[in-house]
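Two complexes, one shared chain (subunit A), two partners (subunit B, subunit C).
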Partner chain A sequence: MDRKLEKGRSSGRGDYRTLLIVAAFIFLVPAWSRMIPGEVLHMDIVNVMVFAGIYACVVIGLNLLVGYGGQISLGHAAFFGIGAYTTAILCTRFAWFPTWLGALSGVLLAGLIGWLVGVPVLRLKGNYLAMATLGLGEIAFILFTQLKGLTGGTIGIPQGLNVSVSEIPPLSVFGFKFDSDIKFFFLAWAIVMLLMLLNINIIRSRVGRGLRALHSSEIAADAMGVNTSRYKTQVFVLSAMFAALGGALFAHFQRYINPESFVFSVSILFITMVVVGGMGNLWGGIVGVIVLTFLPSVIQAMPQWIPGIPASLTNFSNYSLVLYGLLLIVFMMFMPQGIAAGLSRASAFTGRRAKRLRDRIQARKYEGH
Partner chain B sequence: MGRTDRKQKMLLLGSAVFFCVVVVATLIFKGSTGFQWIMSGLTVGSIYALIAMGFSVIYSSTHVINFAQGEFSMLGGMLMYTLSTRGGVPPLLGFLLAVLMVTALGAGLERATIHPLRDQSVITVIIVTIGISIFLRALAKWIWGTDPVKIASFSGDSPVRFLGAAVVPQSFWVFGFAILAVILVFLFFNRTLMGKGMRAAANNADAASLVGISTSTSSLVAWTIASGLGAAAGIVIAPISFASYSVGTMLGLKGFSSAILGGLGSAPGAVVGGLVLGVLETITAGVFPSGYKDAVAFLILILVLLVRPQGLLGKPEDVKV
Partner chain C sequence: MGNEHILEIKSISKLFGGLAALEEVSFEVTGGEIKAVIGPNGAGKTTLFDVLTGIIKPTSGRVMLKERSIIGLRPDQITAMGMIRTFQTIQLFEGMTVLENAMVGCHSRTNSGFMSTSLRLPSARREEKRIQEEAMAVLEDVGLETRALETGTNLPYGQQRMLELARALASEPDILLLDEPAAGLNQYETDELSSLLSRFRQRGLTILIVEHDMGLVMQISDEVVVLDYGEVIARGTPEVVQNDPRVIEAYLGIEAD
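And then the complex of A and B:
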């Protein structure tokens, strides 16, 4: 018993150590990416990493919902959009409005809407949430385009609105403006690391244990006194708030928004990121986000690296959905644990191989004697 | 046996109530805009009913919500466009060919992707159906492009006067095919050994496989029926509303809302749910700006899940460990 406890604790410490390593690796990205000349790279790594950080906020929460709550959301683009639109509307209408308060309002509003949808739907066993959120995503998109006076319709904010500012103001805290790629890079990834810390603590808490019990058998967990629907609702609301935080960052980084960024395929992109990275794997979200955010840039840069690749292949938006669909099917069928689990398996495998090789060399040494 | 009796009684009761409502509404609104709305509402409602039955059949046999259900309708409509509008095949032959092609695709997809995952968790299979759905949609966008296409009606476009309302002839084709499909599905599940076995498997999969009913075959048959129903729905509605690569999502969402409204897993429920949703939606489109029409299905979905999760004709779900 004691040893088990000890083991549990040390594996937890392992998570914190991995977090430090991942953070160190990511925060060093600007340093090493500057060393590679632009003619070789053909992409702005820091800029892509900012978007990866923004999407990571959404995907970390979604992974918690899918991997631990056992529920799918097909409407996280809606929460992402609610976060973006709330702060964009507040901060362009009222020039005095603090940007951090705008972001906070978006997060709270998304949490409230998530709660209103989650309470009736997650009271039930089964996978009704997927359809309910699919509907929510469609409705949110209809509202973003139809409520022209508030959202600027298809043109978006701020161009579609009759406001004095020409762009959404940059995020500023205590007078410090995050108005460049590099500043925003550190902000976004610092937030991601905080969310990861929160994530690790949630998984190790009472709620996390309840969710794990729920994932293996919901009815058994119910019978053991785990309030399954409350835990599921809490995780759903939390994931909605993470998504809205990502949306608020998105609005303040890109400085303009329109409904195109919150369409159905964006919700699918988020789910694909979770699945490709690894459902229920703590690091899966970040791995999936980085892989899929870099994919379009890599494909676009391809003709520069390898001459002879037809230009039609580089128009990623032409076939992004075919690819996402295939990735979902193939990963679920052949690699349901995702890349993150594959990575850790591969490192364990190479570790074993290396050990065997060492042993063999050792043995040969003895044989030689 | 007792449950079958009750179900049939419910079916009779449901359809009786519904016909009474329709007859009363007809007498009150005869020839007015209201009646016009009810007629077009029943037309789209029949389509939702067929799609909802597809959802229910697959849900009963595998407990999976099939996200690709709407895409079968989309594919049906687009294949019909290729066969009949572009290829000059006569409408009824085109209908049969398109349904056959989509049905073969549905069965093939089940064998290729769902069958290998039969021992996996439901959420895994649902994610695969999501993958199938967006894959089919993106493929259709590639093949047919983004422009909506018009498909010729089966028998002309000049409206017919029916009880004082102007009704397009295609509406009668929709009603005809919907009634035929409902009768065929009803006969299959009540008069054939296979269908009865599938109902037993839906009720208690373990007990059914103990007495020799193959759950793997039921899953295949369920996907075949669901894809056929979806394709038929997509083809007959295509001449009224345009067909395009993107109609699948909305049709799927509406069909699912209908299935929930009627009771997921109940075939009569699917019919009642579809017709009610169709009428409510058309009335909403008449009263409010039409941009909000699509929100009705979602509101109904949430309300039903809140107030009566087993739906109008469904039974409360058993809880089994």
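And then the complex of A and C:
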């Protein structure tokens, strides 16, 4: 194949470059955030970014499922919870249990459960699939709350359990303990970048095209030879595993867990992150996660920045669901492709890319004709 | 394909409730020929295609593709066996470039999955390169190579039809099912389609076509099967069928003596 076209096709290469830029920007966050004095910032940026990284694992997978594959899930907090509880239970029951193996067990268990649930559930479409996954989330939440002997009930792990340790141990790999915010920050975001790399590879491949085809028209995808039911199950399992990985990081970072972190509204938060960032946009997940993870901190910092704001407004948890709902409605109506699509449109508008594309097509027209 | 029957349709019936959309439809498609299925609206032509491609199951009857029964197989399995279709209403994939649309057509004869593509294993990269080259080749075949990087659904209507054709060809089928490929095309585009299909036939591709444009049907088909109310009422060369009184009656609704 001629070189020009090959270059034209490799929008993939552009994505890898963007990934490097995004990674550089994010890994520099601790450096520049320290330069801003605390009395101006009123939030711990690194700490918030750790949570953003943890949620990003979930949202990258969910975007693959919802944004690319077109299959909704309103129950991904279940897999987030499975990842968290599996490693938390293993590592507090058995003090010798390697934390990384706990995390891996959670990921694999979530994959297995995702497969068992996905095979029947993904036969449903649209609203019915939404309801079924919502049910899945509720069942998981009830199990987390009611299996007291295993999960510590509403008190959680480790306080609700009769175990010798006072907290979930920090993640440690080859003897290196991720026991501070800054260490965990680098761990979480390195994992996010790795997941993004896998994500880009998938999207720019036969599998990614299969998913997008299935999203656009299931009948046409079927007819073109795409095994749609298999793809749906596989992408569901993959997103469940990504979510569980996020959950495992969450447990080892926070050092305690209880069912509150895996309620229905968390599933909604994940979906809101996908929508606000941009469904089916490669960078949508990360953008949505950062915006929505910082939102509560920003709102809480408001009275310090702007004197005279009533304190009741700053209690985020009072109206978080209302706000997520509003964001979902507003974005669906006015910006269905999310913030990331807006950003990439803006960057494309600089015109260089568009010009190169025109040149390539022009060059091709004259060749061989 | 030699001259044996590549596709055999044996007493296919399809009932929707009490309504017979297809009733004991039987005919064969010989390797290398262009066969047309015609009939008034509602005669069961699209239902027939849906049965052949595994989208719906027939109430009774058998379909043999290359001497293997395909009843009960999924659409993607049938496509992988070498029979692929286009749609009456254009079904291009939204948000994909022309090239990507054609690349999806290569799906049935490629196999890298989540694991090998996410890790960009050498096998997946080689396959991706091959898919891209072959998809580009079919675009050149139908004259869309200069539009490869445009969004498929932004093409003019006639070119969208050509892209659907290219996407189906990318699967390298033995038999191609075309559901009204000339619908919405102007005369110039229809002529182009006609010469394109003749060219494919010369390369050994077998084509089963459902079409309303009688000019096109008469021009390219070796044999015509006429459906009316789900039944085969006539079959034969275009000339024979054109003069068959039952066909004239079905189309014009008058008693022929």
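Keep in mind that, in the parts below, the second predicted complex is superposed on the first by the 332 of 369 C-alpha atoms of A that agree within 3 Å, B and C clash if a C-alpha of one lies under 4 Å from a C-alpha of the other, contacts with A are read in each partner's own complex, and residues count from 1 in each chain.
One rule holds in what follows: contacts are C-beta pairs under 8 Å (C-beta built on N, C-alpha and C of every residue); 3 or more make two chains touch, one makes a residue touch a chain.
Note that this is a predicted model, so its numbers are computed, not measured.
In the superposition on chain A, A:I329 makes contact with subunit B only, not with subunit C.
Of the two partner chains placed around the shared chain by superposition, subunit B is the only one that A:Y319 touches, whereas subunit C remains out of contact. When the two structures are aligned on the shared chain, A:A220 is found in touch with subunit B and with subunit C. In the superposed pair of complexes, A:F79 makes contact with neither subunit B nor subunit C. Of the two partner chains placed by the overlay, only subunit C lies in contact with A:L238; subunit B stays clear of it.
Looking at the shared chain after the overlay, A:I202 reaches subunit C, while subunit B stays out of its contact range.
When the two structures are aligned on the shared chain, A:P120 is found in touch with subunit B, with no touch to subunit C.
With the contact threshold set out at the top, residues 217, 219-220, 223 of subunit A are in contact with subunit B in one structure and with subunit C in the other. Contacts from subunit A toward subunit B in the complex involve residues 66, 70-72, 74, 117, 120-121, 123-128, 130-132, 134-136, 138-139, 142, 146, 217, 219-220, 223, 264-265, 268, 271, 275, 318-322, 324-329, 332-333, 336. Residue ranges on subunit A touching subunit C, taken from their complex, read 1, 5-6, 8-9, 198-199, 201-202, 205-210, 212-213, 216-217, 219-229, 234-235, 238, 280, 357, 360-361, 364-365. For subunit C in complex with subunit A, the residues that touch the partner chain are 53-55, 74-76, 79-80, 84-85, 87, 91-96, 99-100, 103-110, 112-114, 117-120, 124, 127-129, 131-133, 136, 145-149, 167-168, 171.
Those residues of subunit B lying in contact with subunit A across their complex are 63, 65, 67, 113, 116-117, 120-124, 126-128, 130-139, 141-142, 249-250, 253, 256-257, 260, 289, 291-292, 294-295, 297-298, 301-302, 305-306, 309, 317, 319-321.
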